[in-house]
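In the two complexes below, chain A is the common chain; its partner is chain B in one and chain C in the other.
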Partner chain A sequence: MTHLVWAQLFRKKTRTVLTLLSVIVAFLLFGLLQAVEVAFESAADAADARRLLTIARYSIIEPLPMAHGRAIARVPGVVAVASADWFGAKYQNESNAFPVFAVDPVRYLDMYPEFRVSPAHREAFTKTRTGAIAGQRLVDRYGWTVGQKLPIASEIHAKTDGSLNWEFDLVGTLDADDPAVRGNTDMVLINVAYFDEARQFGRGKTGWYIIRIDDPAQARTISAAIDRLFANSPDETKTQPEKEFAIGFAKQIGDIGALVTRILIAVFFTILILTGNTMAQAVRERIPELAVLKTLGFSDRAVTLLVLGEALLLLGLGAGVGMLGAVSVLPALNARTGGRFPPLFIDGATWLLAVSIAVGLALAIGLPPALRVGRLRIVDALAGHR
Partner chain B sequence: MHGIDLDIARADFVALMGPSGSGKTTLLNLIGGLDTPTGGSITVDGRRIDRLSGGELARWRAANVGFVFQFYNLLPVLSAQRNVELPLLLTSLGAAERRRRAAIALALVGLADRARHKPKELSGGQEQRVAIARAIVSDPTLLVCDEPTGDLDRATAHEIMLLLQLLNRQHGKTIVMVTHDPKAAEYAQRSLHLDKGTLAPADEAPR
Partner chain C sequence: MTALNQIVQITLLNLRTIPSRLGTSLVVVVGIAGVVGVLVSVLAMSEGFRHTLASTGRPARVIMLRAGSDSELSSGVARDQATLLASLPGLARDAAGRPLASAELNVMVDLPKRGQRDPNNVPFRGVQPAAFAIRDELRLVEGRPFARGVREVIVGRKASRQFEGLEVGSHIAFRDSEWVVVGIFTTGGDVHESEIWADAEVAMSAFRRTGFQSVTATLADASDAGLAALKQTIARDRRLSINVLRQPEYYARQANVLATLIDVLGYSVAIFMAVGAMFGALNCMYSAIASRQVEIATLRAIGFGGAPVVVSVLLEAMLLALVGGAVGGGLAWLYCDGASLSTLNFSTFSQVAFDFRVTRGLLLRGLAWALVIGAAGGLLPAIRAARLPVTAALRTA
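Right after this comes the complex of A and B.
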């Protein structure tokens, strides 16, 4: 029966190929745009429900005293505390900007077990005051090698001699197995002990705290308890689950999800109209042939399924080729962005969504003509074609 | 149709003649299970087909009736072989067996060497032979033919009628054929004349 569906679908090759191309392009676009959305949401997806973030109450750029860390650690439910400070880096020129965080190596890396750092690199980072470890994608982008000096300028922090030019020793790399996490490894970590001592101002302060708690269900209670600790002090805090923080941060760029959804609705609505019209026309043209099939003994259901099968084959083929096209384009796109953008990839949920959309569209465009053919009276359809 | 009482014996070859609008095709549709009567009964091989539901009628047609049309009604996208295989798609036969049976049917109508050709690559006579091969491939007892020579020249029409006669005489197929052509009707064992929905033997029909 498959050859019959295939043959009927490609009855008019040019028309089918053009329709197929439009479906392929739609799903190629879908794959690429979904990859962008997933990349933007990956920070939130990668967030750990057992992690909270504490920033200054009114702005993340306001530093917090390092002493807050010890107080936070005493809050019931808090298991571990790490801190990070924004370095404000630029490498070689303005366009080479990437996050550089001043951290306590052990506390910070313990806080993010999803980051993969070899024991040797971890130990070197811990023991080297001027040490730095960098995300593997950054290392690849700039062609760094472990062991080299890493000259990085800061736009915020001057050294005690007034210079903004810092130099670190690249002692290791970090990476992640989960593609959703890998985007979060596009950073350089430097040792806060050295940074705090060597900077001209801001000593004893840090940017934010990352807090591990024992029970995610208590996240709100613990957040409130932390913020109460510093209420009415000069350094009030705002604590929230990591996921909320990541979503809020991504939304500063714009609601990518809503934007992508709107574009895709427009694309698929156009496909629905175009393909639906083509399908209806194609079926209308061969009503007598379908009546012949019924004459030969094909049941109403069989003929209905035959037409529906054509719609499913058309959309399935188009969606499959389009999605595979997106998959094959993404590595090149990732290479072109040079790691300046979170890694684009198509996750399982996107594949599932593509299948659902393809099946939904196939039913929407295939069912009306299929049901019409199913109800067809043979004698009426054959009249004039005998 | 008015008061039609028609008995067709197994292995009979009946030509239905009559002017346009006389009801020939309607009668043929009823006999072939393409339409159902508003009254009366149709019994084929002991089974009341007028009582069958749409689905049952489709299954009955697939198993018992072969159809031959004036304009062949082959699917243009399929080769002759695939067209002949169509009725076998409704059976549980495997692909190899379907191919084998279709090849036999095509050989029977003398078109073994045209199996891979599409309908548009065949002459009218060859198309009608493919249609006949399709009609007999599932070995039905009844062949229903609606103007099978209506679109053919005299010589080709003769070949087609000889083929139908062969199927009737040597393979025992019961054939009911509608035709306007008295020459074609001569190949049948008997002719009936239908006029304004009433049936009469052809020799009693008004000239």
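Right after this comes the complex of A and C.
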């Protein structure tokens, strides 16, 4: 029976191959676009439910006093506190080529156990005041080597001598195994002790706080307790779970998901028309043959399944090859955009969606002709044709 | 019969048979409509974004930022520097002799988009009185200008449409201060329409700032020589470390990153879809000539040349493609043109509201794509049609 389905599908080779190629291209595009969407949303997936983020209440760009950190640490339920400040990097004359954060090495790296830093690099970063560690993807992109000087300008912070040109010692790298987390390592970390002392303005201030709590269920209560500490002070805060912040930030960019969905609807509608037409045509041409099959004793159901199987094979083959194509293209694409765009990958949900779209399309295009041939009366079918 | 006449005759004959092959012809039209629709609507987004930034400012105006800063947000101009800059001889003055220079504060405030809860970085600009004389394209469409020395704001029309609570009369809370919206303004659809404006002095005290972010001014002499002279004066003054840019140059640069990203997305998706549509067109044209091989062979037998057959098949494919292109472009225009959205511009870290712009240029580009896909899908079948051995084809009949 499988042999028969296969034989039917490739009855007219050119037509089937061309249709198949269209389906492959559609699913290749599907895989790539879904990967883009997932990359945008992965920041939220990579979020840790035990982490909160505290920013200035009225705008993320307003700095917060470093003294806030000690007060936050005393709030019940808070396990650890780290801070980070936005450096405003300009590298090789490109604004915001990558983010640079001024952090306390130990507190910050402890806050993100999902980042992989070798003990030697961690030690060096902690001990070197002018030290910096960079994400592996950035290191690859710019061809840096550990041990070199890293000249980075700041668009915001001048040194005490008025110069905006800073220099750090690259003492290590950081990376992550999970592709969703890996995009978060596209950054350079510098030592806040050195940065705060060497900058002209803004001393004693930081950008935001990252807080580890012991019980995710208490996230709301603890957030409210932190914000209450600074209510009615000149530096009010807004604290929220890391995931909420990540989702909110992604929403600032816009609804990437809706854009991708609309494009994919256009793609699959086209595929529906294309394959639907091919199927209808292929079945129409074959009505006498199907009648012969029935004459030979194939049941109505068997003939229906035969046609449906053909549609499933067409879509399944196309979807499979297309998705595998997307999977094999992505590593090269990631290497090209490394450190500039989060890593693209195809997750289980995308595969599942691909399968359901393929089956859905196969049913939509295969069912009508399949049912028609199932009901076909042998005499009419044979009589209607030469 | 001339070759041209032959082409016309065969093409007309082909077109008359389309109704009997409606299904396959529809595949070409729908496939190509999809490509062109997606291409045009995605590019309309980058086009609109570029247009919004490119239409901001005039060449005769300059923006002065701290040297080394590429955006207002990261720039800083101290009060004494701002005063010095305003007094420079290279700047235009109004009838009363006051310099056309406005030192401005640029901060961000959090506001949710309409119907949502998550905060967005909405730009808040504190301006000096000269700002209105400099940006003379600004018109109030509702309400009145803010009074000096009071916590009142006027809001750009696009910001008012995109974000919650920015209607005339509503109160908004930032910092330890409450502000009243007293007016809505337009600036011809440029980037300022995404902003909230207030009196610089009031804004500075409310946001506890001691310095400005930039100084915007009109040049006394708008020529390159005039600009060069101004730059020289500033470079000679050791109290100033300031970068001077013409406004269009400054704003166009902000559009680059995001607009390029959207373009790359639009073109990559369209290329994939175009390849898929081309396979569809190939399919359609192969089956078209298969169903017509007797006619074609007959024509060849009575003396029609091979070239007219090739051209006629190509023409048919391109004509179908053109219909598809027109449908796709038309749908994109119908659904997208003028639709507004707001996004975070990575270059300035603040929200920019803009409209999709389906321009004539984009529609023509869409049609050009359609024709190329049609031609690519028609060529091989056309050649096969011309090579059809006459006797064999007639015998199959």
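By definition in this document, the second predicted complex is superposed on the first by the 380 of 386 C-alpha atoms of A that agree within 3 Å, B and C clash if a C-alpha of one lies under 4 Å from a C-alpha of the other, contacts with A are read in each partner's own complex, and residues count from 1 in each chain.
Operating definition for what follows: a contact is a pair of C-beta atoms (placed from the backbone, for glycine too) under 8 Å apart; a residue touches a chain by one contact, two chains touch by 3 or more.
This is a predicted model, so every value here is computed, not measured.
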For A:S59 in the superposed arrangement: first (chain B), second (chain C), both or neither?
second
In the overlaid three-chain picture, which partner chain does A:L164 touch, first (chain B) or second (chain C), both, or neither?
second
Considering only the touch criterion stated at the top, classify A:L229 as touching first (chain B), second (chain C), both, or neither.
neither
More residues of chain A are touched by which partner: chain B or chain C?
C
Does the superposition put A:A193 against chain B (first), chain C (second), both, or neither?
neither
Name the contact category of A:F10: first (chain B only), second (chain C only), both, or neither.
first
Which holds for A:L21: it touches chain B only (first), chain C only (second), both, or neither?
second
Partner chain in contact with A:V379 - chain B first, chain C second, else both or neither
first
Residue ranges of chain A in contact with chain B within the complex
1, 3-4, 7-8, 10-11, 288-289, 292-302, 378-379, 382, 385-386
Contacts from chain C onto chain A in the complex sit at residues 23-24, 26-27, 30-31, 34, 37-38, 42, 68-71, 73-76, 107-110, 113, 116, 118-121, 174-176, 207-208, 241, 265, 268-269, 272-273, 275-277, 279-280, 282-283, 286-287, 341-344, 346-347, 349, 351
For a test of understanding, state which residues of chain B touch chain A in their complex under the given definition.
25, 29, 32, 34-35, 54-55, 58-59, 61-63, 67, 69-71, 73, 75-78, 82, 86-87, 89-90, 134, 146-147
Of all residues in chain A, those that touch chain C in their complex:
14-15, 18-19, 21-22, 25-26, 28-29, 32-33, 36, 58-62, 88, 90, 95-96, 153, 155-156, 162, 164, 232, 234, 236, 247-248, 251-254, 263, 266-267, 269-271, 273-274, 277-278, 280-281
